[in-house]
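Pasting the structures in now, so scroll down.
There are two complexes below, and they share chain A, which is joined by chain B in the first and by chain C in the second.
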Partner chain A sequence: MKSATRNYDTLALLGACSLFLSTLEFLIPKPIPFMRLGLANLPILVSLCFLSPGQIISLTVIKIVGQGLVNGTLFSYVFLFSAAGSFASSLVMLVSYRFFKKSLSLVGIGILGSLASNGAQLFISRYLLFGESAWLLAPPFLTLGTVTALILGLFAEGFTASSRWVARQVALFKEGSS
Partner chain B sequence: MKLKKGDWAVLFLALSLIAATAVPVYRRSGREAHLVLEAPGLTEVYSLSVSREIRVPGPLGETVVVIDNGTVRVKDSPCRDKLCVFSGTLNNAGEWTACLPNKVFVKLVGKGEEEVDEVSY
Partner chain C sequence: MGSEAGCPVQGRFQLKKLAPGTIFGEPKYRFIAGLLIVPSLLFQENLYIKIFQVFLFILLSSLSGKRFRVLPNLMISIGIIFMNLLTPMGKVLFSLGSFYLTVGALRVGISKALMLIGLIYVSRFSVTRGLSLPGEFGGIIARVFYYFEELTARRGGLRKGKRSRAPKSSFFRLLFGKTGEGAIKKQNLFDELDNLLFSVQETASAEGPAPPPGGSSGNPWIGRIFLTLLLGLNWVLLFFRI
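And now, the complex of A and B:
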């Protein structure tokens, strides 16, 4: 019971962290509102190894709502893009972490997540917003997504490898699940 | 920290996806202007260099589109207002007309056209 409560504290902390990163990201000008660097994905990427899938999804929901609040897009069409992209990316990251942990580091998982997110958003913009010309967005979107995912993945990999806080969370998680 | 084998595979996948989307998109924009016809269940592209008459089927009947000397106009359409006919001849890339009742969309696409006028939010 105690470790479960601590886990929720962790979830809240990570949620707050992704809110903060959303704010940082909001400062950076973007040509298209749902184009994102994906900074707020960092907490999700880092916590793959010590949160349960359910908690990862909760964290994703917190991130989506938080981003909506920070960017002021909670009740606009952009929110739909944000939600679709975030869910697609979290699901893909969860699945790839679960099944390909041996051959993928957080770098690969992050890139897969970013591809999933961009794919979902391009799909929506193709059918809801821009029609065929949505494909014009694809190359810059995918390029930016891959580059930032690569950098964030390298950071997350280094962070999880050296952080004592992460090590403690992992230990707690293992204790709780065994 | 070392990248694992799978990471390189994923990176390669991402790069090939980028290339796969970039090539058709940027090659198309370099071509000469051409005519794009859209109707329910149908999208057709015509070159402007061949003069011809095209009958496009729609819910109300056939809309007749004429390509003549590199220009395009709607000659006839089975609609009430004939706005598409009265909108005259299309000369430049980016110009378009449509017969809304018959759900036919006629557009010139190609060089010199601004793909996106303005993005605002």
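And now, the complex of A and C:
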């Protein structure tokens, strides 16, 4: 299989995983509609070591559209929150992986991504929905985000360390970029 | 498959496969119809109509050759309903210590479970291997839905005739794995996930490129009319009040 086709295939598989995790997350009751556990970020976190930045952004777009479709929020303000949070999280995770991968584990990168996502969502809710009282949401919002990011980061760290599938993708990525 | 037609086989049901390109339309139209049907399922508030929609898509998916298994769907539904019962809402039916079983939470749980099962079967009915969407991103999106269907439907690793690498892998088994013999232990969760990713990707590559859209010599308008009627029915039901 050609390198570009293989990359698209892997991207699609990770996109499907994200879509599935979005479906799963939708089923968990939440006090605020845009509050998320971030399960769908897991494929993005795992793929940092073998997808290019452009592909990570494509995966983020797939995740956002998939979440919108699955949750039925594609044409609502929740979609805006989802998009802002996802892009902020992906960008921060990409930058922190690129520059600090030797000093930060996937747990740390995941937590930074979660803080970026929640920060972006709080910022939008301050200006679009709740006004100044949006900051009252900050403590529980950031605490929950950090706890779930910690758990997802531990999972991603464990999986990438032991996974033959991830090792193969890394090898293929190196082979394709050399 | 022909010998299994219409008969329950170890909790699985598979109806006689019909020529999908003839009756259910070409892959592209099926996909578009599926996408347009999703909102009618998402925004449906009437529980009885939602049950009807779910059964309709299970039936259509089975008629188009996809398998339906009772037990995994039942386990998923019970899991979702239980999760939602933890947030009490509305009239209390009964209580057990600090646990309250409420009508509102039960309704929300059933509705969400139906929605998940419905979305899966809409997806299984509307996503076929012959699907091709225009442009590079269209191609990736079509592939995403193909893999989504594979990940949720998979039970026996590689398809029949090929050696299974992951005998019982599926996302649902990973999440709702049974206890006792064959249960997923914490330490082999990563292995199971690994096997699932390998087997799904290998099956897709082994099958090669998708066949050309259509796949049928029959009149394409039969399928298009059927899909239009199906779409119309689901949207009419959205505004229907019982």
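We take it that the second predicted complex is superposed on the first by the 177 of 178 C-alpha atoms of A that agree within 3 Å, B and C clash if a C-alpha of one lies under 4 Å from a C-alpha of the other, contacts with A are read in each partner's own complex, and residues count from 1 in each chain.
Operating definition for what follows: a residue touches a chain if its C-beta (ideal position, glycine included) is under 8 Å from a C-beta of that chain, and two chains touch if they have at least 3 such contacts.
It should be emphasised that the depicted structure is a prediction, and the values quoted were computed from it without experimental measurement.
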item: Room on chain A for both chain B and chain C (clash or fit); value: fit
item: Which superposed partner A:8 touches (first chain B, second chain C, both, neither); value: second
item: Partner chain in contact with A:115 - chain B first, chain C second, else both or neither; value: first
item: First, second, both or neither for A:62, with chain B first and chain C second; value: second
item: From chain A, separation angle of chain B and chain C (C-alpha centres, steps of 10 degrees); value: 110
item: Which superposed partner A:158 touches (first chain B, second chain C, both, neither); value: both
item: Which of chain B and chain C A:138 touches, first, second, both or neither; value: first
item: Partner chain(s) touched by A:16 [first = chain B, second = chain C, both, neither]; value: second
item: Which superposed partner A:104 touches (first chain B, second chain C, both, neither); value: first
item: Smallest distance from any CA atom of chain C to any CA atom of chain B, in Å, after fitting; value: 12
item: Overlap of chain C and chain B interfaces on chain A (superposed complexes); value: 158
item: Touching residues (chain side chain B, partner chain A) in the complex; value: 1-7, 9-11, 13-15, 17-18, 21-22, 24-26, 115-116, 119, 121
item: Residues of chain C touching chain A in the complex; value: 35, 38-39, 42-43, 80, 83-84, 86-87, 108, 112-113, 116, 119, 136-137, 139-141, 143-148, 150-152, 171, 175, 190-191, 193-194, 197-198, 200-201, 204-205
item: For the chain A and chain B complex, residues of the former touching the latter; value: 31-33, 78, 100, 103-105, 107-108, 111-112, 115, 133, 135-136, 138-139, 142-143, 146, 150, 154, 157-158, 161
item: Residues of chain A that touch chain C when the two form their complex; value: 1, 8-13, 15-17, 19-20, 23-24, 26-29, 58, 62, 65-66, 69-70, 72, 158-159, 162-165
